[in-house]
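You will see two complexes here that share subunit A, one where it goes with subunit B and one where it goes with subunit C.
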Partner chain A sequence: MQPILEVKDLSISFTQYGRGTKQVLLPVIQDLSLTIAPGQVVAVVGSSGSGKSLLAHGILGILPYNSHMAGEITFLGQPLTPQRAAAVRGKEIVLVPQGVTYLDPLMKVGPQIRKGRRDQAAKAASRAVLERYGLGTDTEERYPFELSGGMARRVLIATAAAATPKLVIADEPTPGLDARSAKRVLSHFRELADGGAGVLLITHDLELALTISHRVAVFYAGETVEEANAADFTAGKLRHPYTRALWNALPQNGFVPIPGAQPGPGQVGEGCPFAPRCPKGRPECLGPVPYRALDGGLVRCLYPEGGERP
Partner chain B sequence: MSLEAKQLTFGYRRKGKEPVLEGIDLTLEPGERLGLAGPSGRGKTTLCKLLAGYERPDSGLVLVDGRPLKAYRGICPVQMIWQHPETAVDPLMKLGDTLKEGGPVEEGLLEALHIQPAWLERYPTELSGGELQRFCIARALRPGVRYLLCDEVSAMLDLITQAQIWTFLLDQAERRNLGLLIVSHNSPLMERLCTRVQTLA
Partner chain C sequence: MKHRLMFTGKKLIRMVLLLLGVSLAAFLLMSASPLDPLQTNVGQAALGTMSQEQIAKLEDYWGVNTPPVERYLGWLGDFIRGDMGTSLLYRQPVSTVIGQRLQSSLWLMAFAWVISGVLGLTLGVIAGARRGKLADKLIRGYCWLISSTPAFWLALVLLVIFSVWLGLFPIGLSVPIGADAASVTLSDRLYHAFLPALTLSITGVANIAMHTREKMADIMESDYVLFAKARGESTRSIVLRHGLRNVALPAITLQFASISEIFGGSVLVEQVFSYPGLGQAAVNAGLGSDLPLLLGITVVSAAIVFGGNLIADLLYGVVDPKIRRGVARK
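Moving on, here comes the complex of A and B:
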């Protein structure tokens, strides 16, 4: 089956002014690769502020002017050029943004979903879409500030779903929601995938990501260090030492912190970015570390864990 | 000895609205880790603000070890740590100065929190959420502090930072015999941390 989205060796960096007039190039994403098939939810899990949201902006072609992007993005078999991205944005590719601040605070919900159309068909469609997301018809008459966090998220999803997209990109859709609302919001993304769309879920919440995703790509210091099947987590089949450390830090799995902190953009040295914190690190890890296939997944590590139980 | 809420009622005064909190009773003992559960919008953050003295109740009382909260002068014995540390620090002040505002910091505390000396010279926007949260915790842990209110303090942090910060807080709470009030949406986390849970229905 033709993938919906293929990202190959994507790198995004920013030009910044250092001391004086010297320009420095700050790499934020390096060599990121992933593939999303129809009906699949693929999660990119990384900590807040690690730059993973830029992946969404890169795909949508809405990166800021001082950024540089390299690598290949293919959408439905064709290269996703900036022109094409602009043409499909909001139609075949939709973003469900992180903040409810993306809703127009001065416009009632109904008109926002209908994007200004006023005909009967548009009204019927917006009503149907609200109902599908468990929002009463009275929601149409409300302003964004009158919605709870969970409702506002569902309005954002309803707005996205109304475009019948092929690819849905969800950027941190759950912070601030209680467990029930968060699960509900995520289940709607799964429904969109079950309907044939591809879903890219960008989140810091590994646990929630695992509840709906087929594949999980783990993002560390600007790189994807592992891509695994969701089932690999519970089966103890994790490949990268960082992924394993994440899993072991979950409150229900031991709550064990490893020391140190993730390096920010511009603080990454040569070789493996996890080396300063890795219990298995060796001198070779400071050289090039390729991203390679292992046991049904991908890993960027010279001495990966070989499928044994933790 | 305890932090007590007696019949707290509070409403952001809006016409025709029900009060946010009505007749809330709560007791937090030193050494105890009390979880506060309940769906969003039931006033968990508001209750924390009342307990820490950031808001005044419409009626009811907050008592700290038997004395009304407002009778305390100087550093409040009840300190709150917020979900969004970036909103809890002055954006125009270097973090070292923010820390000094509350008096000298105990020796060894910055090391234990993995706060690097260079960060003291930085402004809040130059640090990550996890780094800032460490500052907010250092600021809250003053000698006279008896109770810590932790409102979703790790919700925005990655799992490893979350485990680091809680391991630190649990250790400090035990050493200082602090009472912790813990608000979180994450039920495995609550199960792990709390000795008791009270639900705001």
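Moving on, here comes the complex of A and C:
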């Protein structure tokens, strides 16, 4: 089956002014690769503030002007050039952003969903899509400040579903929601995938991500360090020491904190970025570490867990 | 509705207090003025030839012998009864003088207000939407140049170029010299008001454009504009649908706040163009110790400026859904 989205060796960096007029290139995402098949939910899990959102903006072609992107993005078998991204965003590729601040505060919900169209068909469509997410027709007449947190998320999903997309990119769609609303919001993404779309779920919440995802890519210091099937987590078949540490940090798995802190953009040197915190690190880890296939997944580690397995 | 009435009521009380304060301040400043009303208005030489009796009469006329407190309270008492007194310089009721002057000034200020508002908003929106691009640089350059140019100097430059060198516009006054009041046409008035109004507009534009630009640039960096981009909206649609909508509220505030600046600017500009408006009368009244006229003008202009801000606040309530809906819910 042809994948919906293929990202290969994607790097995103920013030009920043250092001391004086010297320009520095600040890498935020390095060599990120992932694949999404139709009907699949792929989660990119990483801690907050690690630049995950830029992945979404990069795919949509809406990065700020002082950024640079390298690597290959293929959408439905064709390269996703900036021109093509501009043509398909909002139609075939849609974004579900984090929260209510992404809605125009002075425009009612209805017109926002309709993107300025005023015809009867558009009105019927927006009503239908709101209803689909359990929002009454009165929602159309509300302003964003009149929506609760959960309603706002559902309105944002409605804006995405209104376009009948092939790829849905959800950028941290759950913070601030209680567990029940968060599960409900996530189940809507699963529905979209079950309808044949690909879903890219960008989140910091591994536990929630596992409830709906098929595959999980773990993001650390700008790189994907592991790509695994969701089932690998419960089966204990994890490859990278960071993934293992993330898993063990979950409340039900012992709540073990990870010592140290994640390096920020520009603080990553040669070699494995996890080396300073890794219990299994060896001197070789400071050299190049390739991203390689292992046991049905991918891992960027010289001495992965289970690597000793036959 | 009740809420809105309360709001307006409170504002009106504040306005009364403000006017009281402003008139008192103007009075105190005038009392402290080192200018002797007799010397400035009658002249040193003329005074020398007068008898003591005549001088005493003049002193009574200019209120030199009345204690300040009594003078102010006297003025205030009359004012509350609706009598603004008689101008000492023009020997006409203050209300008549202000009425006439305000009429000429209103042409000027309304013209400048509308032009600077429309142009300032347009330029500000363009500059903010295209931040860092050529259009933005040009507009910003213009604004900096203009804001660092004093209004009276700009007035002089325009006067020299358009009236003296090119001869396109009159050098001063609001109507043709020697013309009969009945024969003055609207086009005469516009013709005479053009240069002063242009000066006021040019200076007013800079301020409004710069502030609008800031707001617009913030909007263009907002989450909702990013999301609109992600949804495939064109820059044009983003500016028209989201930009203008969100810049409207600060623009209202700016626009009505600019009334006071236009008022202030008109004082200088009218002086340069010898345009017989309110600003010029204010200068005359101040220099000539015409207390009733000065207090009258002060109070009237403060009321107009305050009224402008009040309108802005009320409009805000109509335009901002947070206030509008908030009131409806209560």
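In this text, the second predicted complex is superposed on the first by the 306 of 310 C-alpha atoms of A that agree within 3 Å, B and C clash if a C-alpha of one lies under 4 Å from a C-alpha of the other, contacts with A are read in each partner's own complex, and residues count from 1 in each chain.
To be clear about the criterion, a residue touches a chain if its C-beta (ideal position, glycine included) is under 8 Å from a C-beta of that chain, and two chains touch if they have at least 3 such contacts.
Here the structure is a predicted model, which is why all the values come from computation and not from measurement.
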Subunit B or subunit C, by number of subunit A residues touched: B
Which superposed partner A:T159 touches (first subunit B, second subunit C, both, neither): second
Partner chain(s) touched by A:I258 [first = subunit B, second = subunit C, both, neither]: first
Which of subunit B and subunit C A:H214 touches, first, second, both or neither: neither
Which superposed partner A:D104 touches (first subunit B, second subunit C, both, neither): second
Partner chain in contact with A:G90 - subunit B first, subunit C second, else both or neither: second
Which superposed partner A:K123 touches (first subunit B, second subunit C, both, neither): neither
Which of subunit B and subunit C A:R180 touches, first, second, both or neither: first
Contacts on subunit A seen with subunit B and repeated with subunit C across the two complexes: none
Residue numbers on subunit C that touch subunit A, as the complex places them: 222-224, 226-233, 237, 241-242, 245-246, 248-249, 320-322, 325
Of all residues in subunit A, those that touch subunit C in their complex: 57, 60, 62, 86-91, 94-95, 97, 101-107, 115-116, 143, 145-146, 159, 163
Residue ranges of subunit A in contact with subunit B within the complex: 46-49, 148-150, 175-182, 204, 206-207, 245-246, 249-252, 255-262, 264
Of all residues in subunit B, those that touch subunit A in their complex: 39-41, 114, 128-131, 155-164, 166-167, 185-189, 191-193
